[in-house]
Structures are given as structure tokens and as C-alpha cells.
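Below is the structure I would like to discuss, written out as C-alpha cells.
Order of writing sets the labels: A, B, C, D, E and F. Residues in every chain begin at 1.
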Amino acid sequence: MQTHQKLRMDILIEAPLKAKLSAMLEAHEVSGFTVFPALGGSGGDGDWSRIGQITDIGQMLLFTCILDEARSNGLLEELYASLSDHIGYVTTSDVSVIRPRKFP
Amino acid sequence: MDFLSLALDNLGAPMVLCFLLGLGAALARADLSIPEQAARMMSIYLLFAIGMKGGVEVARVGFGPEILMALVTGVALSILLPLVAFSVLRVTTGLSAIDAAAAAGHYGSISIVTFVAGTQALENMGLAYSGYMVAVAAAMEAPAIIAALWLAARGGAHTKPAPMREILLNGSIVLLCGAVVVGWIAGPPGFESVKGLFAEPFKGVLCLFLLDMGLLAGRHLRSAATDISRTVIAFGIYMPLIGAAIGGAAGWLIGLTPGDLALLITLSASASYIAAPAALRVALPKANPAIYLTLSLGLTFPFNLTFGIPIYVALAETLAG
Amino acid sequence: MDFLSLALDNLGAPMVLCFLLGLGAALARADLSIPEQAARMMSIYLLFAIGMKGGVEVARVGFGPEILMALVTGVALSILLPLVAFSVLRVTTGLSAIDAAAAAGHYGSISIVTFVAGTQALENMGLAYSGYMVAVAAAMEAPAIIAALWLAARGGAHTKPAPMREILLNGSIVLLCGAVVVGWIAGPPGFESVKGLFAEPFKGVLCLFLLDMGLLAGRHLRSAATDISRTVIAFGIYMPLIGAAIGGAAGWLIGLTPGDLALLITLSASASYIAAPAALRVALPKANPAIYLTLSLGLTFPFNLTFGIPIYVALAETLAG
Amino acid sequence: MDFLSLALDNLGAPMVLCFLLGLGAALARADLSIPEQAARMMSIYLLFAIGMKGGVEVARVGFGPEILMALVTGVALSILLPLVAFSVLRVTTGLSAIDAAAAAGHYGSISIVTFVAGTQALENMGLAYSGYMVAVAAAMEAPAIIAALWLAARGGAHTKPAPMREILLNGSIVLLCGAVVVGWIAGPPGFESVKGLFAEPFKGVLCLFLLDMGLLAGRHLRSAATDISRTVIAFGIYMPLIGAAIGGAAGWLIGLTPGDLALLITLSASASYIAAPAALRVALPKANPAIYLTLSLGLTFPFNLTFGIPIYVALAETLAG
Amino acid sequence: MQTHQKLRMDILIEAPLKAKLSAMLEAHEVSGFTVFPALGGSGGDGDWSRIGQITDIGQMLLFTCILDEARSNGLLEELYASLSDHIGYVTTSDVSVIRPRKFP
Amino acid sequence: MQTHQKLRMDILIEAPLKAKLSAMLEAHEVSGFTVFPALGGSGGDGDWSRIGQITDIGQMLLFTCILDEARSNGLLEELYASLSDHIGYVTTSDVSVIRPRKFP
């Protein structure tokens, strides 16, 4: 099948910022995104783990968004401008998709 | 009952023993954990049960001026205590204005589980308290957060616009207030029908929840040594006592009964670890969460549960007895 | 008891208040949520408890011809109601044949929580009902789904082969039927030993579960305005009344007691949101799930819980009283 | 009571029926499942409740020499049984030394749910047992694991250094021992206050937990045919009987009462599926987990729950009656 | 260490189709796959969230499969032929592995 | 925005080995890692599923680590030397990041 090049953007972010990041992605008119739960991790600020937690504080979520390269630059800039205190990592990588129109 | 036997009774209660078991397991790095969603559900259960019980009491005794007086006092304490805590932190520790403001907000707000533990201690001693004190607890959750934001802004911090909507619509506040209203409308006969869940198993659920709190506190305590300085650690122990003193004075002024006074003191001495961190993490992103969480969960909560509550009850009995 | 006081009593019951609290919180976009796995476990608990209680009753009174009669009537209603709902939808709304068939299937199948709420209303009023009605509820779950598939196929939809195995082995059906069998074999003494979990806390768990249902219903309701048309929204309110009328006629014909009749009417009026969507999402992938879920969870369920049940009880008393 | 009616009573008890329901649902590949975190929470609840109850009993009767004697016997059985199981497996099956050692360790260690099911059977029959037997259960968890590691090392396996810390700090061991200590300190009055959670709903929770165990056992049983040979399958059924015989002899030697003897036999016959696999998966990575899990969860657990326990009770009555 | 090029296929799909997709992957003789839970997301059909849900409806799962490029085409075709109503996205991307024989 | 090339390493491993792998990653001085829960899967040793499980046995976790290519070789070697019995898969792939210093 013919495939098309798109970008996959992975954003690991603190859970309390979920609504804000969702709104930001929608404002950039991505066609969609999916949120995955992380269970724990380690970074410059030490370890964290979801086990036994009773709040969202210190929980990280992964936002995965398939989008066209054209949209990624503006998004990345706004991300770092307004959410950089809450970001674990942001990566972009090349992926192939079948239906390019779904990921404008 | 003298203070020593009060303290010993408290330490031998199943709920405190469960907390210590969790604390010990976490410090020994045992592979013990309560599933996250079960812990959250227990937290919802406890909030709902305590709120509904309070609302039922309000329905029983009616909404009178003494309730209003207690509510106003609670709100005033919730605003005042962060100012005190902020000053103390700035003078005694090297924390930045923003870190101090964030931590201070936690001490104006309250811990509902500490409140519940206080009611259990009173029940064990046969000391009466008013059901509406849970409404006071609910009223004290949010004002402190707004005070903290104001302190941070005055301290020059670049704060985001105060998210009043998010603060007031925090799940734990909505649930506690909602449960009070449900209890108020349903009244004693309504509560009778759900006692099999919200009354009989209550103390047991509190035990399992405190086991989880012990595990969490232990994890925070383990990182306390590396994350925060000694002066900040000390603050986590003596600030509840300052809060207790101020709360005790305020409650004495409005003439609370010994039981109600003990609860107002406990609320003043307790530090939030649900509503306050949730709001401040978003509104004050530059404040270091390790500091305020270690203070409230790792130090103040364990202190209050083990030694604080007996002290607060004894203080209330001395003041109002 | 007159209808108005019946309706007011219903609205003031803790379980309905909890539902309204959840509904309000969702509409206000409060940050309140019940952990998913806890919600699923409560659903399993309720299904099991209600099923076992029903099975115990069957064990107590024996399996007689009136049970068989009620079962057959239930199955007939489960097949008939989708045909009615389908015709109504096709005439009054612009839904495609496949969307109409899928939605219609939900109204033939049943909502066990609505059934439970019906039994609670009867218990509050002191009106007796037969334990075996829960077996009728179980029997009504699946036939409607098959009727919906037949309607869709007739309407020209390219349906996948009817997945009978999946439909009948759906978790909620297996659990409900299994619990009936467990209760039947264990009998009253067996139930006595587990009453501490399956009877005493039952109403309280129902309250917390309805809090979650309120949150879910609120989320669906919020999207109702954009997702579905006004004629479809209206269907979500009047279809339960049509179902109630047909169910009432059928139950009256076989001579049910007022309590049993009220439950059969409630079952007929209720719409499925577990077994039916699970089966139809797979078997009718072209049907839009937003339509049938908003109808059953966002409109019909709240209507039945608040206003429907008092109406159905009053109707049953009028017909069979 | 004769053996047949004992066995029939056992099969008709709600907890066994729930297990069979789960087993049947899994074998029929029904879409029924208990949420993972709810299952884990039930496991924590059961461990804590049974441990606390045992500790309270120790507080009531005091710590005497007969407790010490039972503990020592339990530890000895926990070390001895893996040696027996290992020899039997090496002679009767084609398992490698390391697979045989890993499986053998499970049979020296214990299943706390099987133990609880044993206590329920005794209670139904009105046969008394000592609360401290739960401490014996706790003491038998770990030694078998160390024995298995020694067997594997002797068999030439390249084992990692025995992770004593991990074995002893396993969550289920810490929780069970911790709960015993909590119960011991809190004593009967402390337990009184939490009975609403840890006593009254206990049997009901056990039912739902056994429903989940049935689902798990069914899944393991389904793969038994492909994963393991017939001689290994047979071992899963007759090894509990060998364990029962050895445990029965040991308990008879130290003069246990019929109830306590039945429990020691049950512990000896039971196989671990929490502590042992957790430790051995890490310490003996080359051992195939499909073998030991299918044996303990898919074969021995169902056998003990349905037929084993009545046999063990009858054996205890014959030996000590 | 020497690495080998393989393909990673990510399939986001509705939870009720889990058994069907598993069977399809096994029929294409992939060596294995792993399923990850998603927590929520947004797309052309609006938002979804797992929170408080009591059924699988509207829940999405991510199937990740490491496979050889040779197998991917047939798999993609069958995916779109029979499950397209239930798919959130399908992407393929290049990955390196150490043990090529594990991913035929 | 200017982006920099880094490596993303994905390690699917049995849950009981979580502490060991965490320690190994920290010993290799990666700047951090994040752990995601898997829900089920299928491989050479058959199927697994987390549903209804009461222990960690048979549960797999995904460790995701963004790191510099320079560190990956040593890490891969140690991984296979000491944990190969517990690994589901290990893949590496190219990703772009904005702040290269965060991923040394």
C-alpha cells in the first residue's frame, strides 16, 4: 500500500496540565491526539511513581499526536513558551501513514 | 484523662498502627503498595462519608448562627495562617518567596484525613463534637490557596492569573461540599439506609487508607534528607503547633465546645495534600513541588497523626474544658 | 401514596441525590471522577449482589409456572420493543436505518441499575416484589440485540454475521445469570453468610455507582446538543413511556402483582448501556455510537431514575392495584 | 459429619460456587473479568483481615510455647516439602532440575486463600481452631523459597545470589506479618472498632476474590494441555495429598487440636502463587514460569478448594479426633 | 552491537475489537505484539476518556508490533479492509533491533 | 525551531525486573527514563494479560529512554548480558529533540 510521511510528536507532560495541552493542540488544529498513562520514571528532579497516589500531582501523561511536519514548528514553539516547566520530554520522529488526509 | 495515656491510646489505635506499618514498609523499601485506583476510591469514599455524615447533622440540628460563626472563623484562619507560615519560612529558612508562598498555602488549607483522625480520637474518648465542623473543614480548603497566590504575586513571582474556577471545582472540594448537601437533604432517614456502607465499615477503610498514606509519607520522608534543608524540615514539625495555637485562640474566642475546638485546632494544624498542591502546581509552576509535598505529606501529616492530635485534644480541653 | 409525594420522595433519596451530584459536577466541568476500575468493580458488585439475591428468592419460593410465564413475557417484550422503537425513530427522526436499528436494540434490552433503583423505590414504599424478576431482567438483555441486527440487515445494512456467542457470553450477562445460579444453589443460608457484603452495604455502593453514572450521563448530555438532533433527543424521553405502556399491558395480561408489574414496566422503559452497545459496536460498526450512547446514558437513564420510576410505580398500582 | 456430606457442603458454599463460576466463565471464554487493581485490593484486604484477626487472637490467648512449637513445625515443613516435591518431580516427570526446583518451592510455601477457605470450612462445621495458625502460615511462606534456590544450585543451575531481602520484603509477607502485629497490639477492643470492614463483609469479599481466582485458574488450565505434560499435571493433583500426609504426621506429633491440625494440613497441601513465583521468577530466570503457575494456580488451587479441604478436615478428625 | 532494521507498526484501535485484531496479527504470523492502554484522546468524532467508564466502548488500545517490512504490506491491507471503522491511526516507523530472528 | 538527533530506546521487560533495570539505566547515567504499563500481549511463550492478575508475574512494562547514541551501545550490551531472559523486545529509533543537553 502507498504510504505517506508524517510526523509523530510525543509529549510527556504533568497530568494537571492535561486540559491545557489538549486545548493548545486543538488550537493548532491537529486532527487528533491520544493520551497514554505513564506509571513512573526518573529524571533530573528524581523518581516518581503512580503507585498508591491519591492525586494527579507528579503523574506524567504521554500525548501522542500524528501531524504534518508543517504544523510541528509552531506547536513546538508554543509548547516550550508556555508549558516548559511541566514537560518531561518532547520528541518528534518520522512515521508512515496510509491515509494522509486524516493527519493534516 | 491525662495527656500521656491519651497519646498512648492514640498510638495503639488500629488506624495509627496501620499508618506506622505503611511508614515502616516504605522506609524498609518493602515491595508493598496499594493499587492507585483503590487508593483514590478510598479517598472518595472517605470524603463522601464524612461529608454526608456532616450534612445529616446539619439537617438534624438546623442551620444556626453558631454554624455561620464557625464557618467565618474557619475562612479567616485559612487566609491568616498562610501569612504567618510565609513570614516564618522567609525568616527561618532560605526558601525563595515563591517556594515559601506555595508551602504556606498548604498550611492554611486542610487535610480531611487528619480531621477524620481527630474525630476518631474524640469518639474514643467520648467527647462530643458538632457534625457541622466538616462544613468548616470544606470552607477552609480554598481560601488559603488564593492567599498563597497573592503572597507569591506580591513576592514578585510571575504567577498565572488566579484560576478561581479550577480551585473551586477541584474534585475533593466538590465532593465534600456535594456530600454535605446530599446528607443535608437526605437527612437522618436517608443516612440510615446507607449506613451499611458509609458508617459501619468507615473505620476499617480509614485503616487501609492510612496504610497507603504511610507508604506515601515514607517515600516522601526518604527523599526529605536530600531534597530539603534542616530548617525546612523543622518547620514541618513546629508549624502545626503554631497553627494549633492560632486556631485554638480563634476557636476559644467564639466559644466553641471542647470537641469542636479540638477539631478547629486540628484543622488549623493540618496541611493540605490534595486541593492545595493540585491548584498550586498549575498556578505556581516555578515553585518546587518536592518542598511542599515533603512538608505536608512526609512531615506534618505523620506528626499530626501520631503526636499532634493528642496534643490538640489536650489543648482544647485546657482552653474550653 | 399520591404520585407527587412519590416523586418527591424519590428525588430526595440518597441514590438519586448522588446521581444529581454527579450530573451537576459533570455539567459544571468539575474535576471530579471515579477511578475506572473502581467503577467497573462496583458494577460487578451490583450485578452479582442483585443476581444472587434473586437466585436465593427463586430457591425459597421454588421454580413455578409464573416464573416461566414472566420469563417468556420478558423475552417477547425484548424482541417487540426494538420493532416499535425502530418504527418510531424512522418516522419521527432522520436517522438512517442502521442508526435507528442500533438505537432501537438498546430500548428492547435493559438497564440493571434502573431495575435496582426500581426495587429500592418499591422497598421504600413497602410494596412487595418477587425475587425472580431479576431473572426476567437477565432474560431481556440479549433478544433485543438480535432483533436489532435483524432490523439492520432488513434495512439493507451490511452486517457482520450475528455474533451469538459474543452476545451471550458478554460479561454482564454471564455474571448476572451466574449470580442467579449461585444464589439458587447456595440458598438462604448461603446468602446469610455473605450478607455483610452483598446486602448491608448495597445501597451505599449504589449511591457511589450512581455518582459515577451521573458523571457519565453529564458528559454525554453535554455533547447531546451538538451530536444529535432535537427529534432524537425527544425520543430519549418519550420512548421510555411507550416502553412502559407496552410493558404494563403485557404484565397486566399475565396478571403480575403490583410490585412485579412495576419492575416489568421499569425494565421495558429502561435502555441498555452495557450489553447492547458492547455487542452492536462490533456487529454494526457503521452505526454511530454517539447516538445510541447519548440516548441511553445521557437521556433515558436520567429520566427514568428521576421521574420515570415514580411514574412506573404509579402506573403499576393503577393497573394492578 | 461423614465425609460425603462434608464434601457436598463445601461444594455448595457460596465461595466455592463463585470459584466454579469464574472457572466456567474462563473455560467458556466468556468476556468476564475483574479489574486488576480491584483484584489486588481484595487480595490486600484478605491478607490484612486474616492477619489482624490472627494477631488479635494471639493478644487474647498470649504467646505460649504451643505457638512456638507450631511455628517451628511450620518452618520445618516449609523446608522439607520442597525436597520431597523435588524428588518426586525428578523421578516421575521429565522436568529439568531447575524447573523441578522452582515448582517444588511453590509446594513448600503456602496459599493464604486456601488457608482462609480452610478456616471457613471449619467455622461452618463448628470446629474450633487457634487464631495463631495464621502466624504459622506467614512463617511458612519464605523458607520454601530458599530451599528451592538451594535445590536449583545443587542441581547445577546458575542461580543469582539468593535475594534474601527481596524474599522477606515481598509485599504479601510484609502485609500478613504487619497485620498480625497490628492485631496483636490493637487487641480485641481495637478489632471491635474495625469489624465493620474486616469481619462482616469478609466472606463476601472472599466470594468475589474467588470469582477472580476462578477466572485466572481457568486461563491457566486452558493452557495446561499444551504447556505441560501429563505426568506434571498428575503431580498437581497428588502432590497436595503427599503434602497433606506429611503435614498431618508432623501436626499429630506435636499434638495439635483437630481444627489446628486441619489448618496445618491445608497449609502443607497448598501451593504458593504470590510470594514464591515473585521471588523465583527473578532468582531462577531459566525456570519456566508456565510450569509452576499452571501447577499451583491451575491445578492444585482448584483441587484444594473443591475436594482437598474436605479431605484434609476429615484426615485431621481421624488423626486427632 | 550490530543492529538490524525492522518495522514498528502502531495500531490504535477500539477495545471491543481486541480479540479480532489479535487473531488477525497471529494469522499474519507476526512473532508477537504488545497492547498498551490509552487513557483518552480526541479525533474527528470528538473526545473520549476512560475515566469512570464501566464498559470497553469508546476505549482505545494501542497494539505495537515489531515485524519485518516484508510482512507489513499484507497486514496493512487486511487491516483497512476489515477494521477501518474502528481504527484511530496506524503508523509504521523504522526501528533497530539486536536479534533479528525474533521478528521475522 | 532547531532540533537535534537523539536515540529513543524502548525496552519491554517483565515487571519484577523493574528495580533492576532502573538501577542499570541510572548506572549508565542516562538523564532519565519513563515507564509505561502494558495491558497484554503475545509472543513466543504465548499470551499474557494483566486483567484480574493479583501479582506482577507475567506483567510487562515498557521503559522508554531518550539518550545520546554514544551511550546506547554499552547499555544494549549490558541489557542482553544480564536481563535477556526477561526481555520482550528492545528497539532503538531516531528522534528529534529541542533541548539536546537534557539527553546527554
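Assume a contact is a pair of C-beta atoms (placed from the backbone, for glycine too) under 8 Å apart; a residue touches a chain by one contact, two chains touch by 3 or more.
All values derive from a computational prediction rather than experimental measurement.
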Q. Going only between touching chains, how few steps reach chain D from chain B?
A. 1
Q.
I want to confirm something about chain B and chain C. Since they are copies of the same sequence, is their interface symmetric in residue numbering (over half shared, so same) or not (under half, so different)?
A. different
(Q) Measuring between Cα centroids, what's the chain most distant from chain A? (A) D
Q: Using mean Cα positions as chain centres, tell me which chain lies farthest from chain B.
A: E
Q. Just how far, in Å, is the C-alpha centre of chain B from the one of chain A?
A. 35
Q. If you average the CA atoms of chain A and of chain F, how far apart do the two points sit, in angstrom?
A. 19
Q: At least two other chains touched by the same residue of chain B: list those residues.
A: 33-38, 40, 200-201, 278
Q: Enumerate the residues of chain F that touch no fewer than two other chains.
A: 36-37, 93-94
**Q.** Every chain pair in contact, whichever chains are involved
**A.** A-B, A-E, A-F, B-C, B-D, C-D, C-E, D-F, E-F
Q | Complex contacts: residues of chain C adjacent to chain D | A | 35-38, 40-41, 44-45, 48, 52, 166, 169-171, 174-175, 178-179, 181-182, 185-186, 190-191, 193-198, 200-201, 278
Q | chain F-facing residues of chain E, complex | A | 1, 3, 6, 8, 22, 25-26, 31-37, 61, 66, 93-98, 102-103
Q.
Can you tell me which positions in chain F touch chain E when the two form their complex?
A. 10, 12, 36-44, 60, 62, 73, 76-77, 80, 88-94
**Q.** Contact set on chain F toward chain D in their complex
**A.** 14, 16-17, 20, 45-46, 49-58, 85-86
Q) How about chain B: which of its residues touch chain A in the complex? A) 33-36, 39-40, 43, 212, 215-216, 219, 223, 227, 273-274, 277-278, 281-282, 285-286, 289-290, 293
